[in-house]
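We just call them A, B, C and D in the order they show up, numbering each chain from 1.
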Amino acid sequence: MSILIDKKSRVVVHGLTGREGSFHGAAMLEYGTKVVAGMTPGKGGQTALDGKIPVFDTVEDAVRETGADTSCIFVPAAGAPDAVMEAAAAGVKTIFCITEGIPALDMIPVVALVQSAGARLIGPNCPGATSPGRAKVGIIPGSIHREGRVGVVSRSGTLTYEAVQAMSDAGIGQSTCVGIGGDPVIGTTFFDILQLFAADSETDAIVLIGEIGGAAEETAAAWAAEHLRDVPKVAFIAGRTAPEGKRMGHAGAIISGGAGTAASKVAALEIAGFRVAASPTELPQLLRDAGYRG
Amino acid sequence: MKIQEADAKSLLVAQGLPVPPWEVAHTAVEARVAAERFLSEGAQQVVIKAQVLVGGRGKAGGVKLAGFAEQAELVAQSILDLEIKGIPVRKVLVGPAADIVQEVYLSAVLDRASRKILLMGSAEGGVEIEQVAAERPDAIVTIHADPLLGLQPYQAREMAFRLGLGAHLKDAVAIATGLVRTMRAYDADLVEINPLAIVNDIGVDGLVTQRLQCLDAKITLDDSALYRHPELEALRDPDEEDPADKEAREAGLTFIKLDGTIGCMVNGAGLAMTTMDLVKRAGGEPANFLDIGGGARADKVAEAMRLILADPKVNAILVNIFGGITRGDEVAKGLIEARAQQSRDVPMVVRIVGTNAAEAAILLEEAQFVTAATLDDAAAQAVAASKAGAA
Amino acid sequence: MSILIDKKSRVVVHGLTGREGSFHGAAMLEYGTKVVAGMTPGKGGQTALDGKIPVFDTVEDAVRETGADTSCIFVPAAGAPDAVMEAAAAGVKTIFCITEGIPALDMIPVVALVQSAGARLIGPNCPGATSPGRAKVGIIPGSIHREGRVGVVSRSGTLTYEAVQAMSDAGIGQSTCVGIGGDPVIGTTFFDILQLFAADSETDAIVLIGEIGGAAEETAAAWAAEHLRDVPKVAFIAGRTAPEGKRMGHAGAIISGGAGTAASKVAALEIAGFRVAASPTELPQLLRDAGYRG
Amino acid sequence: MKIQEADAKSLLVAQGLPVPPWEVAHTAVEARVAAERFLSEGAQQVVIKAQVLVGGRGKAGGVKLAGFAEQAELVAQSILDLEIKGIPVRKVLVGPAADIVQEVYLSAVLDRASRKILLMGSAEGGVEIEQVAAERPDAIVTIHADPLLGLQPYQAREMAFRLGLGAHLKDAVAIATGLVRTMRAYDADLVEINPLAIVNDIGVDGLVTQRLQCLDAKITLDDSALYRHPELEALRDPDEEDPADKEAREAGLTFIKLDGTIGCMVNGAGLAMTTMDLVKRAGGEPANFLDIGGGARADKVAEAMRLILADPKVNAILVNIFGGITRGDEVAKGLIEARAQQSRDVPMVVRIVGTNAAEAAILLEEAQFVTAATLDDAAAQAVAASKAGAA
C-alpha cells in the first residue's frame, strides 16, 4: 500500500510553470508519478513540461478537469498559505507544501482549516515523500530509493537522503519516505506518520529521523512504545552538538529553556524501544539488530 | 531574532501596554543622568539592568538598585564591567524602581505541539517559568487562543482570574489581549512579561493607587517574517551579533559560529547538524554550523568558504554535500574557485554525493582535492587533519 | 419530551446581577426553571436572586460547580458575542442569547464556532423558549402558556405572545414555544426547529410565525412539505403591509430587491401544506381545521 | 442605513479601491462648474447622476451624459427637477464619463441563509442583479468567505477568473478583497459595485491603457453597528430622512412613516407589523410603523404619541401592547399623561394585555379610554373611528 502517495495519486503542481516547479515537476513525472496538472494563476489554458501537462488558473479547475487529489506546492512563502487553503477548499486530500520561510503564525489558521476540511498537509518546508517504485512528490532525489518495507519519517531534507541512501546501499528498501518539515508549525507530525505506518500493511519497520527543538519526537516515541511494540524501529537525532538558544537553520530547530535537546529525545526514543544511531550510516545495522529481516 | 529588553518594551508601548519609563545608557555617566531624572521625578530608587540577550542576568549580578545618582553611576559601571555568559555588557537600562505589591508571569508563545498561540501564566512571577514548570506544573495556567479567531476576551478574563488579578480585571484583560496582539503585530514567537506586577503608584496628590505594569519584557521575533517588518531589522543588536553571522545572513547562508577548529560546509540544516555531531564523535570540535541551502551555486560556495576561513581557529575544513536540488558539480566548481582565491591554506576534505556527484568527482580529482565516500570517513579525515595542523 | 429545554435543564444566566438578568432570572426561577448559576465577571463568589443563586466569574467555573448545561445571555451587545463563545467553549450545549442590537457581522464567526463546538445557539435578539409546565428560558411571560402538544416557533417576541395567548385561551397547549430571533444572522433557524419538533414525541402539530425578510420561512416550508406531511401545521406571516426597503424594527425584517415579501412566504407555506392565518387569533381554529385534536 | 452613491464611493476610496473622480452638485450651476473641470481635464463627456436612495434612477431619467458645460447645466437642472419614486432629487453627482470596454457586477453581501459573507459576481454588469438572478441564475457567481478567516486571496482570484477579468487579475483580486474589507471596516450589509468596468484610460502620452474602475457604488450599513462608527452618522442623508423618523430614532423608538390615517403604537416589531396588517385587513390604512420597544416607560409612550399626532393625516390611534417586559400600567399612565398634553383630540382605541394588564384596565377605565379586548376588535374599532373622522 505505502502511505500518502502511490501509483494512483494524481498530482497537481502549484507553480509548475516556475523554476523550481518545472524542475521538480519533470523529475516527479520521470519517476513515474501521475503529475496531471499544473496551477499558475493567469496561465490557465497553457501547458507545461514540454506540452505534456495542462496548466489551470485555479485548483478547483485542475481538480475538476484532471481529478487531481494531491497537491505539491512550490509557490513563494508569501503566497503558500493561501495555496494550501485553495487546495484544501478544492477537495485535494493530500497537500505537500515544499515552500520554506513561511512565517510560523501564518500557518496556524491554515493547519486548522486543512484539518476541518478533512485534508492532510505535509510541511511546509518539507522535501515531500517518495513511495519507492510507485511515486514521488516533492524534491527528494528518486535515485536514492529502493523498493522495500521500511517506513522512513524525518524532519529534515538532505539528512533524510543520507539515511535513505545508507539503507538502500545496504539493501534495505523503503515503503514510503516522508519528510514532515523543519518548521515549528507543520501540518503532519511524527505522531501522525507513525499512525499511518502502523496501519500500512506494507510497512514492517520504522526509521525516525529527528532533530533538536520541540517535543514532537518524544510525543511520537510515547505513542510508538504502546502501539508499535513489536515493530523494529530505529532513530537518529541530529543536533547533539548544537548550542542552546540558536536556530540551527530550520526555524524549528532550537533548544530553548533547556527543552528540545538531543539528549532528551534520544532518551525518550530509547525508553520507547527505538534503537538510536550515532550516525546515519548505522541505521541499516540497527534495523537488522532490531530484528528487521526485509 | 532576539531583541533587547528596552526594544521589547518599546514594542509593548506601541501596542498600548503599560510599561514604566526607562532610558538606555551606554556609559555610567549616562546612567547617572538618567537616574537623576527618575529620582527627581519622584522615584525612591532606580533599577539598573544589563542589556544582554542571554538569560540569568539577575543571578550574574546584572540587575541592581540604586538610591541616589552617584550610586547609580557606580552600580552602572559595575554592570558595564560584567561579562554575562560570555557576552560583555555594553549598555544598561535605567528606570524607576517599582513598589511591587504582587508579581505574576504572563507570556504569549507559539506552541508547536498544539499549533496554536498559547497564553501562559503563573501566579508566581519573577522566577524562571521553566523552573516553575519543572517543579510545580500545576502552578502554570495555559490557555490556547483559537487558531482562527485568536485570543477571545473571555479567555483573557479567565487568565486574569486564575492569576488572581480579578481586582484589575480590565487592565489584565487588556494586557493579555495586548500580548497576543503584539505577537501578531510583529510576528513574534514569544512575548513574555516577567514579572507583570501590581505596583503601588503614588499620585501627584500623594494618594497611593495600585495598578498593573509590565516590569520586564522579552520578545523573540520569527526570522521568517522579518521580510514584512523591515522596521524591526533596526532592532537587531549589532553588539551581540557575530560579524560572521551577519555576513552570512546577507549572503543568504545560515552560519552559526562555534568554538572548534573544524570548519563545516553542508547543504541542509539537519545534515549540517549531523556533520557537526559526527565531527565531535570522531574526536574533533566543529568551528561552525553552516548551511549553504538548497540549489547553492558556485558563488555562494565561495562566500561560504570565505566565512569559514575568516575564523583564525579553523585548521581543517569538511565539505559535505548531498545533492538533491543542489548540483554536486556546481559545488565542486565553487570549491575550486574558492581555493584559488583563499587567503590561507587549510586542509580540506570533500564529500559530494547525490545529484551530479560523478561530474563533481571528476572535477575534484582533477583539482587534487582530498575526498571521502562516506560522512563518517569524511569526519574522521577532517579530524585527523585538524589534529595534525594543531600539532 | 419538549425540545431545547425541560425540567432537567440547568441554566446559567449571564448577567444575572444586572437589571434585566435579575428580573428575568427571578421569573425563570419562579416558573420552575432550574436556574443554577449566574455569571458576571468580577462578581464571582457573590450570590444573586436573594442569595439563592451563586454567581461565578467565568462560565467554566459555573459549569464545573453547578453542572450548568444551558446559557441565557443578557449581556450588552458589545459583549454578547464573546459571552456566546465563552458558553460554547465551557461546554454549554444550549445557548439562548436574548441580547438585541448585536452587529450582524459579529455573529458570523460566533455561529460557526458554536457549531464546531457541537453546541446550539438560539438567537440573538430572541425572547427565548418555554416548555410549558417544565421550564422557561428567556423573557417570554410564563403566564400565557398552557401545557400541550403544539410546537410554536417564531422570529418575533410580542407577536409570539399574542399567538400563544390565543392558543391557550382556545384550550390548545404547547409542547415548546421558541423565539428564534429577528436578526439577519441567527444560530438556529425555522428549519432547525422544525427538525427538532419532527423528532419530538410530544409535539403533534406546528405553529410557525414568520415575518418579512430573508427566505428562512420558504426554506423551512420546503422541508416541512416533505418531512411533516401528515402533521397539522399552521402559520402566520407579519408584514403584509410593510413597504419595501425599510427595516421594520427587527434588523432582519426588510424586503429588499423584491425578495422576502409576505406574499412569497405565504405562498411557499401554503404550497407546503401550511394553513396560513390572516390574524393570530385565527390560529387555534386553523389548527382544528388542519385536524389537530389535542 | 443607506448612504448616497457619492458617500459610498468615498468609503471605497478610503479602502484603496479605484474610483473615478466626482463632485457633488446641489444646483445646476455647481454641476456646470464641475463639468467644466472634468472636461478641461480631458474628459470627452461628463455623466450626471441623481443622488437618491432609491433604485431605478436610470429608468427614471436620473442618469444622463453631457458633452459640454452648458449642456451639463441643462441636464443637471432637468435631473434636479425630477422626483424619483416620490423622492425629490436634491443633488447630483458629476464625473467624467468612462470609456467602457466591459462591465461586470460585483458585490459583497451578508448572506443570511449561509450566515456568511457572500461575494457575488456576474459577467453581466450594469443591469439589476435581481433581474439576472431571476432570468439566468447560472450567470451569477457566488463565493462564500470563510466565516472565521474572511475572504481568501484564492477566492478572490477565482471570482476574477470567472468574471473574465483574468487580464486584470491583480486589480480584480484587490477589488474583490477590498469589497469585503470595506464591508468589515464599516459593518456594511452590502457593498455593491455595478458596474465594475474595464475602461480605456488615455494617459498624458496619449497612449490608451485598460484598467478596472468602480463606476457605481452602493453601500448599506448595519444600523446595529453604527454605535462603533460614529463618523458614519454624518453620512445619514437629512434630505431623505423623514423628520419624524429622526425624532423617533433619537427618542429610542422605531418609527416608519406611512401614508394612512390610523396611527399605531405597539410594543415589538412583529406585533407592530401585525397590527398594521390587521388595520389594513379591517379596511383602514396604517399611518405608521411604531415599535416602542420592550420595557417602555411613560415618557417614551408620551413621546410616541407626540410623533403620531405630528402627522396631520392621522385621525385615529390604535394602541396595542402585549406586556412582557413592558408593564401595561406604565403604558396606561403614559397614555393618560400624553392625552392631557396632546395638541389635538383624536379618537384612540387602547388594547393592553399581558403583564399588569388588570392594573392598566383600571387606570384606563378611570380615564375613560376606549378599550378593546382582542387585536381584531381593536383594529375594527380604530378603522371605524377613522372613517367616522374622515366623514
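Assume contacts are C-beta pairs under 8 Å (C-beta built on N, C-alpha and C of every residue); 3 or more make two chains touch, one makes a residue touch a chain.
What you see is a predicted model, and the numbers here were worked out from it, not measured in a lab.
Of all chains, D has its CA centroid at the greatest distance from the CA centroid of chain A. One simple way to say how far apart two chains are is to compare their mean CA positions; for chain A and chain B this gives 28 Å. In whole angstrom, the spacing between the mean C-alpha positions of chain A and chain D is 55. In chain C, 109, 113 are the positions where the chain touches two or more neighbouring chains simultaneously.
In chain B, the residues touching two or more other chains are 148-149. Viewed as a network of touching protein chains, the structure does not reduce to a path, ring, star or complete graph. Residue ranges on chain A touching chain D, taken from their complex, read 41-42, 44, 57-60, 79, 82-83, 85-86, 89, 109, 113. Taken in their complex, chain B has these residues touching chain D: 148-149. Residues of chain D that touch chain A in their complex: 146, 148-149, 152-155, 157-158, 161, 166, 169.
Interface of chain D with chain C (complex): residues 2, 54, 110, 112-113, 115-117, 128-130, 147-148, 183-184, 187, 189, 222-225, 227-228, 254, 256, 258, 266-274, 276-281, 286, 289, 291, 294, 322-325, 353-355, 374-376. On the side of chain A, the complex with chain B involves touching residues 20, 23-24, 77-78, 101-109, 111-113, 127, 139-141, 143-144, 154-162, 165, 182, 184-186, 209, 211-212, 214-216, 219, 236, 238-243, 245-253, 257-259, 262, 278-281.
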